[in-house]
Structures are given as structure tokens and as C-alpha cells.
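Letters A, B, C and D mark the chains in the order given here, with residues in each chain numbered from 1 onward.
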Amino acid sequence: MSDQKEYTLYNDTVMDHFMNPRNMGDLPEADGVGEVGAAACGDIMKISLKIRDGKIEDARFKTFGCGSAIASSSMATELIKGRTIDEIKNFSNQEVVDALGGLPPVKIHCSVLAEEALKAAIEDYEKKNAAVAK
Amino acid sequence: MSDQKEYTLYNDTVMDHFMNPRNMGDLPEADGVGEVGAAACGDIMKISLKIRDGKIEDARFKTFGCGSAIASSSMATELIKGRTIDEIKNFSNQEVVDALGGLPPVKIHCSVLAEEALKAAIEDYEKKNAAVAK
Amino acid sequence: MKSVYLDHQASTPLLPEAFEAMRPYFTEAFGSPSSLHRFGLRVRDGVKTAREQIATLINAESPDDIIFTSGGTESANLAIKGFADANERKGNHIVLAATEHPSVINSIEYLEKHHGFTSTKVPVNAIGQIDPEAIRAAITDKTILVSVHLVNHDIGTIEPIKEISKITQEKGISLFVDAVAAAGWHPIDVQSLGCQLLSLSPHRFYGPKGVGVLYRSRKARVTSLIHGGVQENGRRAGTENVPAIIGAGVAAEVALRDMGDRIAHVSRLQKRLYDGMMSRIKFIKLNGPVPGPDRICNSLNWSTEFIEGEGQLLLFDLHGIAVASGSSCVSKSLKVSHVLSAIGLDHALAQGNIIMSLGKDNTEEEIDYVVETFTKIVDRLRTMSPMWQEFQEQKIDSVISPTGIGQSFTERAASVSGKPAH
Amino acid sequence: MKSVYLDHQASTPLLPEAFEAMRPYFTEAFGSPSSLHRFGLRVRDGVKTAREQIATLINAESPDDIIFTSGGTESANLAIKGFADANERKGNHIVLAATEHPSVINSIEYLEKHHGFTSTKVPVNAIGQIDPEAIRAAITDKTILVSVHLVNHDIGTIEPIKEISKITQEKGISLFVDAVAAAGWHPIDVQSLGCQLLSLSPHRFYGPKGVGVLYRSRKARVTSLIHGGVQENGRRAGTENVPAIIGAGVAAEVALRDMGDRIAHVSRLQKRLYDGMMSRIKFIKLNGPVPGPDRICNSLNWSTEFIEGEGQLLLFDLHGIAVASGSSCVSKSLKVSHVLSAIGLDHALAQGNIIMSLGKDNTEEEIDYVVETFTKIVDRLRTMSPMWQEFQEQKIDSVISPTGIGQSFTERAASVSGKPAH
């Protein structure tokens, strides 16, 4: 096409996180792992956390899902590094949406999935810790 | 428009009879005059006949109506010249349609009007003659 | 041969700017706006711009209020049937002007036949104007929609929409305005008009055919008429006619930019044509309001006595002049325009009907040629007319300028024609 | 960057010949075909030619059997609702294939909701084929219409229309065939198919958008869906989209002339693409019939395991390759294509769906580039996929090539996802 404009489905930030996802992968010795699925569309998201002194030291994700699901998990794992567990418990998908500069309305659920995966990972961590503490 | 084809609503014969109507006008001393109207569309047709020895010697028309009504009256007056009264009584609008090379379906009633005007003129002639004979 | 196009209310030529804007969307940006790849996204972007351009033309609250359809007719169908479908819980009665376009009247007839609706046709006065109070009187507690066009397509009457919308708003009823005969030739502001639905047809203001617009305020729910995919936010299924939508947007933008000039130009020609016809032709009558605030600037509707409209149209055409007619002879149904009946026009005068609609490219010379030609046409057809003869012989009278000598053309015609319609 | 368009089932570029034929109808021959002057008559003549060209493409008995609409969707709506309206005295039941296009399914749903109709969806087998005997079994004494598409838009299955029409003719029922995904890429002869209604969409075979066709044999009555004027013999109101109709005619003529070459060309590419994908990609499955007599020549529908379709589509796009997908993530309704559900495809495989449709201008080099690119895309997305990881770790099994190691992806996903759809 002769015209110079670049046409992409998502905005530049989302496209960047889709094309160059941050924190993609696994943490071999994760302290907490959350894996959730969106019944709506069948996306699956897995977040692994390394936690030290009640703070997120490192995070990784793997995602089966659309561009915005991948970008949401990439952005979510970026955002939470260094935060406390309590902060994560108050984490809202809106923060992901905002950091991504917005998502199409039908894709907001992808950011919800990221929030859920994160909280599931914290839950997993707390369950493990509780077990250890026992 | 640059293209060379001539686009007209009716075929060439109809257009010719519309543009150059034959026998348009009145016969000052007509032997029979028929004037009929099409209730459908409000067209009015008047045919005047000069009759000698039971034959149509001359015919004229005036028409308030569309192109095909004018062409139909023109053609009808042409066709009947020289015919006997009995022949006119059997005259059918189809002859006008055929002689005109066809009319659009919604315009067939124009040829019917011509047939009716013609027959009304013959009736008028016979009424007058009967009166004279009495 | 000269070529003078005076049928702009039928269609207009596409604006070169619009054509140029459309061109890449045929062969290069040919994707479907539903596609998620660049071919689709580029096209989606173009459609978005067009939606904004249309919204601006009519001052819609948001581009999201614009629904693209296939034409003015479909827009009217969607406005009426789509609104009825979405609101039938609230009531099943529609009020309309007697002079609405067939796309409105027949859509409502369909609802009557198939969906248990009833309707009230509000009559118009002799120049085609509707009395807002008559609308008020026609509204019942079952009424969900009032449908009044902004400008009549045949006789150019501008309707008092703002006065009508005061009533509909007071009653909490939606108002649909068919603005097909107005858009591009008359300023339209949906917010100040106070209507919830408004239709327009871009090919009437130098946009392309194959695209129509329905404005729908968020206050009015409309469900889809054409079912399938979720295009147009689920309100109109089917792959969008992208090039036409692009062209419609450009035509709207230019129409808004040039509106003042276009109106000034055609108003001037309208006046010249009106004066020429009235002074040169005897026994001629303008149908609808005289040129001025009650009449759209670009059309004139004539009845010439003692002669029939199709013949006039044909002879005009043979002189290179394109006009329309509301005579029964030009309609496939053999009926005179229901608009001419609604204003109570004598049947014979309705038969002698000719409609001239002006455009931005018409010139004063053309107008003079039209008037000149018309005098010849009238003479010629009157020579052929049995009625003209009878008028000359004082057997019948004129309706336009009665001399008191006897029955009118129509009365006479009725007595001559004894048979039922065939 | 390379640009490879593999979404011809969404839309195709306009043929230059068609564009040239259309061009004068925008700015020069811009009249309305209803007008009686030359501007109108010239256009009417062009529309007549286009009607003949379309009639020839599908071997209609007469050009009068061709109704021009605004698109394939409207054609399906008119075929179904217009036929139902004209024939509801005879019965109120419709039989359809489960894999029909939404324009068919939703039109029938509308009749069920508003006009007291019922319908029976006949299931298809694993490659999307319908069993004519299942149609026979679904017909009741209330059935007035059977609706089966010639080619499925998603998975390319060719349906046994002749066998089905034997049954409908025997029972005296009309048959509507949505041929939108077939026309231009498959010979169509309405007389030998034995259908009474057939729709097509010219923008799918290098014609313009904004025009659709409904063939209607004189044996099948259809009443208008869009009400207004008496265009298209009273079966479709509204000023005709003349330029698009002209372009459709030319596209039909060229499609018929070049049909053999086009089919040969895309069949060859289809084979190359099929072979390339199957040999290069692991855990990939073709949906619908293998290339051959049961499959349309220009499309392939893939499910690639452990990865999702939108991501594939986006990465293709970033490599300049335009494809489609039936995955839920690409649909506004967040549902996977009902066609993929109807063939009983595992939900996760439906999520990994990509549709490639070929055109006359694609080349072998492009095909090779697509296969090459796809191997990279798959690797990349699998690296990101938690499911691929779990498969590698033997926690879940493949559906496409099961190793017997445990639950499938979909079973696992269901256990991971505990929440209802949002």
C-alpha cells in the first residue's frame, strides 16, 4: 500500500509489548505460580513470581492468548516488580489498561486475566508459605 | 455525454411518430368524431374521420397524453385510411402496437385508447347517419 | 446539442474530489473493515474519518450516532422498522405527513400489514406544509414515532421540524426526519432540529450512490433490519461499501464548506427560472411554496395546463434538457404523485407536471435556454391537445385562471372517460 | 516489506477492467435509472447489460431473474425473509445447514422471533459436509424453504447441492443456495443445481463492494424487504448503486472467461501451501476437506495446536501477510466460529485457527514465504505458551497427534478456568 501510515490493531505500547514481551518465560524456582483461564475466550495465562522480604523480586509469564493478553501479561509483570504482597492484593487490571495506553473494549478482559493470574500466584505463594509455616 | 449511442424512452418508430405525428389536427367537416379518456392515467384522445362510400377517406387526431399516446393516435390514423367501416369495427389495438414495433407493457393502454377513440368515431358516424336516414 | 441537467433531485454527478478519495479504496485499499490485518485496518481508518465528516455535516453529538446503509431508502426503512422493532413494547402507532416519500410510507404500511401497527397520515395544506398542531392532535398514547421529512422531494416544501420536535419532545416520542431532499442544500443541525433519527442520501449532494446515512441519537433505540455480521455496531450487517462511504464523507465535507455558495447560486437560478417561466408561459402554476424561506433552494415544480407531463419531459429531453415529472404517465403505477394529490391539485394539472431541480453547475444561460425551450414545447403540445382546443372554443375553462365559461378540464375529462382504470 | 494478501474470502481488489467500466458512471453517466431522460436511459442500458452478464455467469433462465441488492448479506436476507413473507401461507418451517453464514442464520432467527417461524439446523460431519438424507429427514409438512450454502465461508467445504435439490424438488420445496463463498471460484449453473434462489457477492471475485445479487427463479415468489420505490421490479427499493452494478457485470464476465485459469492457478498454490504447511509444521490440522473435489480451490483453514489465532494473525501481519481467523479473540462476540463448533473441533484447536484464502495474483514465491514465516510464528508463540510448556513436560497431551500421556489441552484449560464467561 502506497500510504505511509502504519495501521496496527492495537496502539504502539500494546504492539511493543506484544512484539517484545518483557519477562516472558518461567522462574525455575518460583515462590508462587498462578495459572488462570478466561472461560470467555479460552485464553490461558501463567505468572510465576520470585518473592523476597514480602516484595516481588522477579516475575515471568507465559500466555496462550491474543495480542492484548500477551501485552497485558508483559505489562503486568513489569508493573509489579518491587511491590509488596499487600500492594499486589490491591492491584487492579485498570492499571494494566492505563499503562498500556488503553485496550479495545472487548479486550479489557485480557487485563482482568493478568490481574487474576497475579493474585492466583500470590495465593499460591501464601498457601505454600502457610504449609511451610505449619 | 461522450458516448455516441442515442438513448430514447421508446423505439425509433414510436419516437418518430411522437416527434413527427401524422394526421395531427381536426377535420372541419368530420363525419364522425370520437373522444375518449383513459381513466387510468387521465389521457384524452380525439379522432375525427372523413368517411365516403363506407370507407375512411381521411382521419385526424388530437391527444392529451404521453409520448406513446401521441404515437399511438398518429399510427392508428395512418393505419385505417382506406379501410371499410366493418374493418374498423374489427380493428384491434394490437395492430397499433405491432406497427409501432412494440410499446412498453405499462403503455399498451395507450394503443387501447386509440382503438377506443376510433370505434367511438365510427359509432358517432353511424348515430348521425341513422338520424339522417330517419 | 446542448445538455442541461435539471434533475438534481434524482441524482447528482460525483464530485471529482470524492472520486479521487474513493479511487484507492477500489484496487489498493480493498480490504474488509472487519479484517484485523493492515488491509482491513487501513480501510477501517478511512471509514472512521468518513463517519466523522458526516457527523460534522449534521452536527451529530458523536460519530457513533452515524449508521451507514446502502441508501436513503434503506435509511428510512431502518429508521422506521428498526425503531418500531426496538420499541414495540411502548406502542404501535406512527404519525406521518401525508406527503412523505414512498420509502417512509411503504415501510409504515409494512408494519401495519405484518406487525400490528396503525398509523395516522396528517394532511398538508395547499403548498405542502404540515401544521404542527395537527401532529399533536394525531398523537395517541400508543404513538411511538412521528415521521416528517425536512423537505418534500416533489414540491420542495420545507416543514416546520423545530415546532414539531417541541411537541414530540414534550410527549416523549421520537421524531424521524427524512432529510434526503434537503441534505447538502439546506443547513441541518440534528441537535437544534430536535430529532432522534434523520436520514440522508449522499448521491443527492455530489456523493456516490450505494451509500445512505441514518443518524440515530443515543436516545433512540434501533435494531438491525439486515441481519448477519456485527458491522455498524450490530445495526447493519454486511461488508461495508467502503469506497462509497469514503466518497460520502468527502462529499459531506465539501457540502458543508460550500453550502453558502451553493445555496446562493441555485437560489439565484431558481429565481431566474421562476420569473422566466411565470412571465413567458400562460396557464402555468408553481406547486409548493414560492421561492423563499418555505422552499428548498434548488427545485421548482410546475403544472402547465392543457398538456401532459411525459410529453413535456420527452420534448425537453430531445432538446438536451433533463427534467422529472410527477405525472401518472411517467410512473410505473400509472398514478400521479401522491404529493400532488395531497396538496389537492386538480388531476389534470397533476398530469401536466414537470419538476426542475437545479445544481451547482447550472448557469444562467442554461436557465434562459430552458425557458425558451419550454415556450416552444408548450405551444407544440397545446396544438396537439384536444383540451386546449376546447378551451379555445370556450367549451371548458382553465383551472389556473378561470374565466367562468364552464366546466374545468378535469370535470370534462371525467365526463369523457366513462371506463374504470385499466 | 513484503505484502502478501491471503484473505480473498474477506474481499478482493477490484479488477482494473471493472474499474474502467465503472468510471464514467460516477461523474458523467450519473443519472438515476428511473429517470426518463437520456441521463437516466443511458444508465438503465448499462444496468441491463450488467444484469445479462450476471445471468450468464450462473446460467439463469433470464436476466429478469437477477435482483441487485447492496451485498451478499442483503441477498441472503431477501432470499429468506422475502421468500418467507411471500410464502407464509404455505408453511412456517425452514431447514438449514448448521454451518450457514450468519446472514442466513440470523435472518432465520429473526423469522423465528417475529413471524412465528421454526427451523431445523441440520448438522454436518467432521469436514463440514451435510448429508442430503438428513435434509430429507428434517423436512416437515410445514417446511417451505431449505437453505444450504454451496461452499462454506470458513472451512471451504463444497456441499452436495444437486443431491439436496433432488429432494427439495421431489417435495415441492424451494432451495436457497448461498453461493457467496463459491461464485467466481467454482462453476455455478442454477439450472443444473436445481435451486430456486441463489446469492452471490461480486466483491468476492474482483467486483466492487456495495452490490450483491439474488437469483430468483420465476418459480419462487419473493417480496421486497426494503420498501419504497419500484426499482428492481418492485423487489428492492432505492436508487440503484449503478457504478457497482456495472462493475459487478464486468467482474462476472471476466470471472466466467477466466474461471478455468483462475481455478487452475489457485488450486496449484493451494496444493503447494497445503504440502508446505503439513510438512513444516508439527501439530497442525487442516479443517474441512483436503484439497480436491470436496473443497473450494482457494482456501485453507488451519488449526495449530498450543497457540492462539489472533497472535498468529498479528505476527503474520507484521510480516506483511494478511490472513483471517475464526478464533474467538478475533470476533467481537468472543465466540469461536460456529462453523468450527459445528464440525466438532476441540475448543483449543478452534482457538488456534487461521484461514488463508488465495487469489489470482498470489505467486508460488509468496506461498513459500508464508510457510517460512509460519514456522517462525509458531515457534515464537509456542515459546510463550504455557500449554506448549505443559505438553513438553508431558502434563497434557496433543489432540492432533495424541501420545496417550494424559488430558488434552482443552480438558486442562477447563480445569484451570473455573469462571463463567465474561
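Throughout what follows, a residue touches a chain if its C-beta (ideal position, glycine included) is under 8 Å from a C-beta of that chain, and two chains touch if they have at least 3 such contacts.
This is a predicted model, so every value here is computed, not measured.
K.L.:
For the interfaces A-C and B-C, which has the higher count of C-beta pairs in contact?
P.N.:
B-C
K.L.:
How many angstrom lie between the CA centroids of chain A and chain C, rounded to a whole number?
P.N.:
57
K.L.:
As a quick test, compute the distance in whole Å between the mean CA positions of chain C and chain D.
P.N.:
37
K.L.:
Take the average of all CA coordinates in chain A, do the same for chain B, and state the distance between these two points in whole angstrom.
P.N.:
Distance between chain centres: 89 Å.
K.L.:
So which stretches of chain D touch two or more other chains?
P.N.:
Residues 28, 36, 38-39, 310, 314, 317, 330, 332.
K.L.:
In chain B, which residues are in touch with two or more of the other chains?
P.N.:
Touching at least two other chains: 1, 8-9.
K.L.:
Between the chains shown, work out who touches whom and classify the graph as line, ring, star, complete or other.
P.N.:
other
K.L.:
Would you please name all pairs of chains that touch?
P.N.:
By the stated definition, chains touch in these pairs: A-C, A-D, B-C, B-D, C-D.
K.L.:
So in the complex, which bits of chain C are touching chain A?
P.N.:
It is residues 24, 28-29, 36, 38-39, 41-42, 44-45 of chain C that touch chain A.
K.L.:
Going by the contact rule at the top, pick out the chain A residues touching chain C in the complex.
P.N.:
1-3, 5, 7-9
K.L.:
Under the stated contact criterion, what part of chain B meets chain C in this complex?
P.N.:
So the residues of chain B in touch with chain C come to 1, 8-9, 18-19, 21, 24, 26, 35-46, 62-67, 69-70, 106, 109, 112.
K.L.:
Note which residues of chain D are touching chain C in the complex, please.
P.N.:
5, 7, 10-14, 16, 19, 26-28, 30-32, 34-40, 69-74, 76-77, 85, 101-103, 106-107, 109-110, 114-115, 201, 203, 208-212, 225-230, 237-244, 310, 313-314, 316-317, 321-325, 330, 332-333
K.L.:
Can you list the residues on chain C that touch chain B in the complex?
P.N.:
Per the touch definition, chain C meets chain B at residues 3, 306-311, 314, 317-318, 327-330, 332, 334, 336, 347-348, 351, 383-387, 389, 413-414, 416-417, 419-422.
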